[in-house]
Structure formats: C-alpha cells, structure tokens
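If you scroll down you'll find the structure; I have some questions about it.
Each chain carries a letter (A, B and C) given by its place in the written order, and its residues are counted from 1.
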Amino acid sequence: MKNKIIHKAKGLSDRAVAWIFITPTLLLLLAINIYPLIYAISMSFTNFYANKLGREIKWVGLKNYAKILGKEAIWERMQITASFMFWTLLLQAIIGLSLALLLNKKFKGNELLTTLIVLPMMLSPAVVGVFWTYLYNPQVGLFNYIVNFFYDFGSFDMIGSSTLAPWAIVIVDTWMWTPFTMLICLAGLRSIPNYLYEAAEVDRANRLQQFIYITLPSVLPFLLLALLFRGIENFKMFDMVVELTSGGPGSATELASIQLKREAFEKWKTGYSSAYAVILFVTIFGFGNVYVKVMNKIKDR
Amino acid sequence: MRNKIAILVSSIVFALSSTQAVKSESITLGWAAWDPANALVELSKDFTAQTGIEVNFEFVPWPNFADRMLNELNNKGKTFDLLIGDSQWIGGGATYGHYVKLNDFFDKEGISMNDFSDATVYAYSTWPKGSENYYALPAMGDALAWAYRKDWFDRPELNSEFKAKHGYDLGVPENWDQLYDMCTFFQGREIDGQVRYGAAINTERGSEGITMGVTAAMYAWGMQYENPSKPYDMEGYFNAPNVVEALEFYKKMYEDCAPPGHSDAYMVANLDAYKSGQVAFQMNWYAFWPGVSKEDADGRVTGFFANPSQKVSAATLGGQGISVVNYSDKKDLALQYIKWFAQPDVQQKWWDLGGYSCHKDVLGSPDFVNSAVYAQGFLDSMGIVKDFWQEPTFVELMLPMQEHVHDYVVNGKGSAKEALDKIIEEWVEVFEADGKL
Amino acid sequence: MVDTSRSPTESSGFSRKLAALIIIIYAVVTLIPITWIILTGFKSVTSSITYPPEVFFEPSLEGYVNLFTTRTRQSQEYLEALPPPETWYEELVRSREMVIAGPSKFFGRYANSLIIGFGATFLSVFLGALAAYAFSRFKIPLKDDLMFFILSTRMFPPIAVAVPIFIMYRKIGLGDTHLGMIILYTVVNLSLAVWLLKGFMDEIPREYEEAAMIDGYTRMGAFFKIVLPQATTGIAATAIFCMIFSWNEYAFAVLLTQFNAQTAPPFIPTIIGEGGQDWSAIGAGTTLFLIPVMIFTVVLRKHLLRGITFGAVRK
C-alpha cells in the first residue's frame, strides 16, 4: 500500500504503465498479424485477383473451399506434406533422442561438441537448400561421391528422381533439425533427479528397467514438445524445399506451402489461395490443439 | 585502370546509398541477366553520351525473372522506367495497365512498326494479337535453336560408325528422328577419355523451362493450342494424337539422351553441360549463340541449326519487346530512350554487339546472313516461330503446363494423353474464370 | 542396447568413451556439408566442378572476386589491346578471358540484411522488453490468454498472411521498402521477444525495483534504471535470436521485396556465373553469410535452448 501511494504521487500508476508497455506490441500484432488474417478470411469468399485491378470482385460464398477440398491435386500435396512430416519427425525423434542420451554421459568436450552439432539448425534454410543442390549434384556432388564410395550404386540423382527426391528433402531437414530435438531431450534428461536412479538401484531394477521406467517417461514430455515445434515448422515448410527441389520432379516434393505460394503469388488467385491458406491454418491449429491436449495428459501421468 | 579500383570502392558507397544514388537525369532499365544484357549496357553508353541521361540496369537471373518482375509490376513499383519483358507478358501488361500504350508516341516521332519484322511486331508489341495497339517496341528477336559439336561430327571414325548403323551421315539433323539417332549415338560414348551424352534439353520445373523445351517438339509435330475457327476450344487440338506423340518423343529424348542430373535444367544448365563438353547437342536460345561462338573463333567446334521439323517446320518463340512502365515517374526520359533505340544505325550496332535486332534494315541488309554463322538460321527461325499463350492470364496457363509436363516427362507419372488432358482441364478453368469461356 | 540408462554420475568409463566416440563421429559427419561449402568458396570455378570432388586443391579467390563483381567475356584481341591489369583481381578475371564490368549486387543485399536485421531487432527487443516487463510484474486481465495469443501469431504460415500484407503494403507504399520489412520482421520476432524476456524478467527479484521506488524512482524510472540493466544478458540473448531470425528469413523476403529492400537469402541462390551455376561464388557468398550466425551460435550456446523453445524449456 505504501508503495502505491508513493508512485501515485510521483508518476503514472502501475496500471497505466502496464498498458503503455503492452499496447504497442498488441497494436502491431493486430495490424500485421490479425488484420491480415481476417482480411484473408474475408477474401477467401470472393473471386478476387490481386493482379487484376479494376475487375469486379464477386462474392462467391463457399465455392473456393468446395473447389479446394474437391481437388485431387490438393489432397496429393497434403499427402506429400504428411509423409514429409512423418519421416522427418520420426528420424529426428530417434536420432535426436539417441544423441541426447549419449551426450548426457558427461564426457570431456561435451559442451564444445554440443555447440558444433547444433550449428546446422542456426543456418538459413534457403541457403541450406541451395548448397545441398550442389552436394546432391549427380556428377560433381559430394553426397553422391561419398555414398558411392561406400557402395557403388552407379550414377543416381537425388533431386531428379521421383523416388529419391522425397528422401532428399527428408535427409536435409533431418540433418538440419535433429540438433533441435537433441537439445530439448537433453534438457529433459538433465532435469531427472538422481535420487530416482538411486532408488531404482536399491530396488534392484536393471538398467533396461531403469531406462523404461525412469528415463523414458521423464524425457517423453520434452520429446513431444520438440516434435510439436518441429511439426508446426515442417507443416509450414517452404524455404529449404523451394530452393532444393522447387517442388520437383513434377510435383513429387511440392509441399502444401509451395503450392500455396504458386497459387497466391504466381497465379495471383487471391481469393482461392486465401481459402487454401485458411484451410491450412485451421488444419495446423486443429492438430496443434489436439496434440497439446494429448501431450498434457501424458505429462500429467 | 585506376577507375576499376574506383568502381569497387564506389560500389560499396553505391550499395549503401542505392536508394538515393539515382540521379535526376537517369533511368532504370530491367531485363534478364544474360549475354545480350551485357551488349545492351555497351550499346546504351552511346545514349548517355548523346543525351546525358544515365541508364541504370537491373538484371534478374532467368529462373526468377518472371516472378520478380511481375511481382514488381503488380506492386506498382517504381523501380523501372523501362522493362524488357517477356513476350507472354504483353497481354497482362496491356490489360492491367502496367505498360504505356505507345501508338501516339510512335505517330508523333515517326516510328513505324512497318520497319520492324512482321513476326516480331506481332509477337512482342501488339495486344490484342493482330491489332494495331502497340505496348512495346521489338527489342530482341529470339527463338529456340540447337548447337552441336561439329568437331565430333567431323571425325571420320565416328561418322563411319554412325553411317554403318543408321545409313546416313552425321550432320545437321533434318528431323527429330535423326536428332534422336544422333543423340543416342553419343549417349554414354567415350570421346577423348571422357564419357559424353546426347543432348542438354530444357527440363526446368520452376519457371517456364520445360514448356519452352517440349513445345519445340510439339510445334514441329504441328500442335495447335486451340481450334483456329473457335478460340479457346482446345479439346481435340492440344491433346490430338500428334501432340501426344510429340510429348512422348520428348520424354524419350529426356530418358535416352540427357546427361545425368539434367532433371531441372534450363538455359544456364544447358550451356554449362555443353561448354564443359558433356553433350553433343544443346537446345537453347539464339541469344546465347554470340557468346558460344566467341569462344570458338575459327568455328571448328560448334555448329548451329534451327529447330528441326518433323511434320511441319516450326520453332518456339523467345525474345522480348521494350516497354515503358506505367508507374514510372520518368516516362518522358524512357520514351526518349525508345526513340533513340529505334533508329536503324543503333539497331545495326545492337546486332553487331550481340543483340538480335528486329529492324528490317538490319535483317534485310545484304551483309546480314554472312555476319554470323547463325544469322541465316535466325532469319529462318523467325519466319516460323510460334509462342505460348500471351493471354493476360498466361502465368496461370503456364503453371499447369509446367507441372503436368514435368510430372510426365521427368517424374514418369501417368501417360502423355493424361498429362495433356489435365492441362486442358486447368486451362478451361482459367479461361472460364477470366470470362473467355 | 548400449548403456544409456544410467544416471550421468554412474556411467562406467567404457560406456562414456563409446558415447564420446559416437558423438564425435556424428559431429564430424554433420559438419561435412558446412565445411565443404566453405572450402568450395576457396576453389576456382573449374575445380569446383571436377569429379571426383577435390579435397585438396589449389586455393583461389576466384569465387570471392566473382561474388563481388560482374564480368563480361571478351575476345583475345580485345584483351591483348588492354593495358596490363593493375590489381590481382583484375589479373585473375583477365586470365579467364573476361573483364570486370562493375560491382555485383551482393554487397547491397548484404547491407539490406544488416539494416533490416538491426532495425527489426532493436524494435522487437525494445517493445518486447516493455511488454515482457508488464506481463511479468503487473496484474493484467486475461494475462494467460494474451500471452498465448502472442505466441500463436508465430504459428501462421508466412505465406498465408503474405498476400494480405502484400496488398496492404501496396496501398500504403510500404512494398519493397526497408521500413516495411523492418515492421514485418519486428512483428514476427515480437512473440519470441516477449516470451523470452518475460522469462528473464521473472528471474529478477522484485525487491530491486521496489527498493528503488522507495528511494524515489518512479515505476518507469525503476524499469529503465534498475530492471533493464539487470536483464542485460537476457536482452542480449533475445536480440541475437531476433537477429538470426531476420538474417535467415526467406519467405517474406522473396514474396514482398524485389529490388530495393531484398535481403541476402533470396539473393544467394541467384548467383549465377557465366555459363552455369557458379558454385565457388555461391560458396563464397554462403560463407560470408554464415559467419555471423556461427559466431552468434557460439556466443549463445548457454541460452540456445531457451531461445529456440520460446523459453518453454530452460536449461
């Protein structure tokens, strides 16, 4: 009470300060995030083309949505996106967790190695995409050379072949982002109190049992959190893949975001692509929410 | 040469202040980053010398050219006063008001479109097609053509082996079947200790590459986009058996003749494959031939030929007209540049420097055909060119073509007929949305 | 299964050595691509496209020269007629039968990255610190909802909001401008800045400012004079994360900028030499582009986890 009286006399009230501090942030977010989103939603019910100015804009109701959901090509892209997400998340979970378990054994140089391993994920995804096209080059690429050094497959083309291209993007994403899961799992492992293991030791639990009953359950919420972040990011994935394969060959690696970009910024079908964007946004939000609920349940256990 | 250092130093200053550095008496011209652009820089020095108007250039690499420039126009950007935009943009440029209509200016300055080759005026300047509304001055004539390794063809042992197999001599192929024979002949062959391949052909997915390649075959097979007597009626034309055959042939070319990893290749990648000695043939634009022959002064290594015919003679059109951007604040200076550029002697110098003039005085001069090894081919090609849709919606038409053709040729998905059917289906949708159907 | 279950303190010497070995192998493998691209920057154009790939090569600065200049090919006679080159880079270019035509755009794009990166970082950290302080110290109605709202803006796919932003910016003339990009990146960074800084501010004991206020400071004064200095580490870490984001961002940059305000990430892929992708120039450009981020990563290593998880996980 005493405090309050003092600065009432000397300056603005806490409440005023609070609002002065928060308002600019909220306003900016409203202007550059929420307003565009509402704008996109309202455009999604029209036949608007942002490049055809002066053309009459017609209200078309749910036609754009019906068109998108009825299009085979869209479902194909969704499948491509889903399988990209499945494999990247799976690989990053397995490798990331294993690395974290290994790093958790405090050996010399641990800190330095962690920093080195983390480097790839700090890079610009677009630039990463570019230089991997060089590594994947079937004639001069280092990747192909190393693979053929261990087992001679002959000439193969990671980017040009429809069977290999989806793996090409999975490999790069895994290379880049495994450190992310690793770091978070590592934080989880370090948060396990030692006494749990000591108690288990007393109960004569063997190492495997300790792993299954102590380590895994404690690290699982962290792993799930890491996968949530990665899932959201990979659902939005655009930059790395565009520069690496530009969606090709054909449409073998054309993720939903890449298709959206083509509809929105090349064909300029603004209304149609807004509807597409809304569908993607609802999908990610829906899945995200369900996932968080499941995650919280696991955490509570 | 001290000024070279000055250039490097001033570049730093310039880059930092690039927004303010544009002088009042200067214009900015946008084009693609390729050989002819360097020739234009050279040519434009005369303009600056005569008028005192500086010309700044902004050249965008081809893979991003359409994307960036159209984005700029849609953004009503003021970066450019002059734009050398691709032939297919003319419809959009005119319809959406990006380009200034030049008729009045041409009349006032006495510039006659009759002085320019008819095919180029039709292709680069007019909208609607065939009308007398001009939105550009033909700046750079171009068509898709081929270069081949003459030095390999001239080797007797290769020729006799080829002749024994196919019954005719290695030489400029008369049709696509012969082209295919020759390509497969070189595919995987070791020459001078290096493995060589058949042909570097267009397969790029991201912009317009594979379309610009596959249409070279389709046109030669007599493809028509639409019913000549009923516009936008494509069923039975664009997916006719001859077009299916052409598309299948192109896939065969890709599978049997392309060097490894040539799955996303366009101009630069084709040049690269050719220059590094990997392939016997490359498909590319005339625009690059001055550069290719510059490195081959005595003309022993490389020969050029126009797109081979199959059922008919035809070639894919490239090239651009120069337009004044409607959003520019310096349209008068930009028009001054066009006036200067349209003069016959400037056009002659343009050709001499490596640009492809469209002016009849240049093309019709008796010295023209002997001025370069590819000059005759260029003249021939420009008489038989065909272009992709130039509709305002051309990007919407290009994207499905890119997707489905690439899906079929490179990705091996479905059949040629299915690919063409899918393209028509999406084209119909585009024309319906645009009110043309 | 290797011995992975033990608490760290109890791992046997052997298993620890094995773990170290596996980690070292992984680190080496994972660093190969980065090392390779840096090496490629020091190769000549010809040596960058030889097969098998050359691990040992004669270093050349051709990539860097190509990165910073544009060149035109000239005939032999033309070159012979020129006065002898005065600088080493001119000599290098001449030896490839070309002359320097002028500077390239790389420097300008790099400068744009710096201007936009610093501008957006400053703004987002400043505004973020204000908001974070308010969230940390005051009772705000619907606090949790507001915090979640701020976080959720990060989930928007950039392309979904890019079209409306493009149209908005076109209307008010912010398209392809530095200011437009600074505002945009500020907003994208704000969620991170608020969440991170709130965590850091929560750790600063309230007693400090309360004591200061008793000494006569106003709330504002206490915030600027007492709290902000205490939060320096947190602010620095947050700033670097914002900087890295703006530095690496591609989708907005490629969609909303064309010539004026374009940053380096959309530019680097378009570095094309004469007759082919110029891998040594791309290597050089990539190296120059990666150096700051690599340094930052080392500096940041203590806060890394917090930064990449928005403070959801603290080390």
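Operating definition for what follows: a contact is a pair of C-beta atoms (placed from the backbone, for glycine too) under 8 Å apart; a residue touches a chain by one contact, two chains touch by 3 or more.
Here the structure is a predicted model, which is why all the values come from computation and not from measurement.
J.: Counting C-beta pairs in contact, which chain pair has more, A-B or A-C?
T.: Of A-B and A-C, more C-beta pairs in contact link A-C.
J.: Relative to subunit A, which chain's C-alpha centre is the most remote?
T.: Chain centre farthest from subunit A's centre: B.
J.: When the centre of a chain is set as the mean of its C-alpha atoms, what distance in Å lies between subunit B and subunit C?
T.: A distance of 37 Å separates the two centres.
J.: Measure off the straight-line distance from the CA centroid of subunit A to the CA centroid of subunit B, and report it in whole Å.
T.: Centre separation, subunit A to subunit B: 39 Å.
J.: Quick check: how many Å separate the C-alpha centres of subunit A and subunit C?
T.: That gives a centre separation of 17 Å.
J.: On subunit A, where are the residues touching two or more other chains?
T.: Counting only residues that touch two or more other chains, subunit A contributes 50, 139, 265.
J.: By the touch rule stated above, which residues of subunit B touch at least two different other chains?
T.: Residue numbers touching two or more other chains: 71, 74.
J.: Give me the residue numbers in subunit C that touch at least two other chains, ranges are fine.
T.: 49, 166, 255, 277
J.: State the interface residues of subunit C toward subunit A in the complex, per the touch definition above.
T.: My answer: residues 1, 3-11, 15-17, 19-20, 22-24, 26-27, 30-34, 36-37, 40, 48-53, 127-128, 130-131, 133-135, 137-138, 140, 146, 149-150, 153, 155-168, 183-184, 186-187, 190-191, 194, 210, 213-214, 216, 218-221, 223, 244, 247-251, 254-255, 265-266, 268-269, 277, 279, 282-283, 286, 289-290, 293-294, 296-298, 301, 304-305, 308-309, 312-315.
J.: For subunit A, which residues are in contact with subunit C within the complex?
T.: Interface residues on the subunit A side: 3, 6-7, 10-12, 14-15, 17-22, 24-26, 28-29, 31-37, 39-40, 43, 50, 98-99, 101-109, 111, 113-127, 129-132, 134-135, 139-142, 145-146, 175, 179-180, 183-184, 186-188, 190, 192, 194, 197-198, 207-208, 210-211, 214-215, 222, 225, 229, 232, 235-236, 238-239, 243, 257, 260-261, 264-265, 270, 273-274, 277-278, 280-281, 284-285, 288.
J.: Please give the residue numbers of subunit B that touch subunit C in the complex, ascending.
T.: For this pair, the touching residues of subunit B are 1-2, 4-5, 7-8, 10-12, 14-16, 18-19, 33, 38, 41, 58, 60-61, 63-64, 68-69, 71-72, 74-77, 79, 268-269, 271-272, 275-276, 291, 294-295, 297.
J.: Within their complex, state which residues of subunit A touch subunit B.
T.: Residues 47, 50-54, 137-139, 155, 157, 159-162, 245-252, 254, 262, 265-269.
J.: Flag every residue of subunit B that touches subunit A in the complex, lowest number first.
T.: 67, 70-71, 74, 92, 95-97, 205-206, 259-264, 278, 392, 395-396, 399, 403-404, 406-408, 410-413, 433
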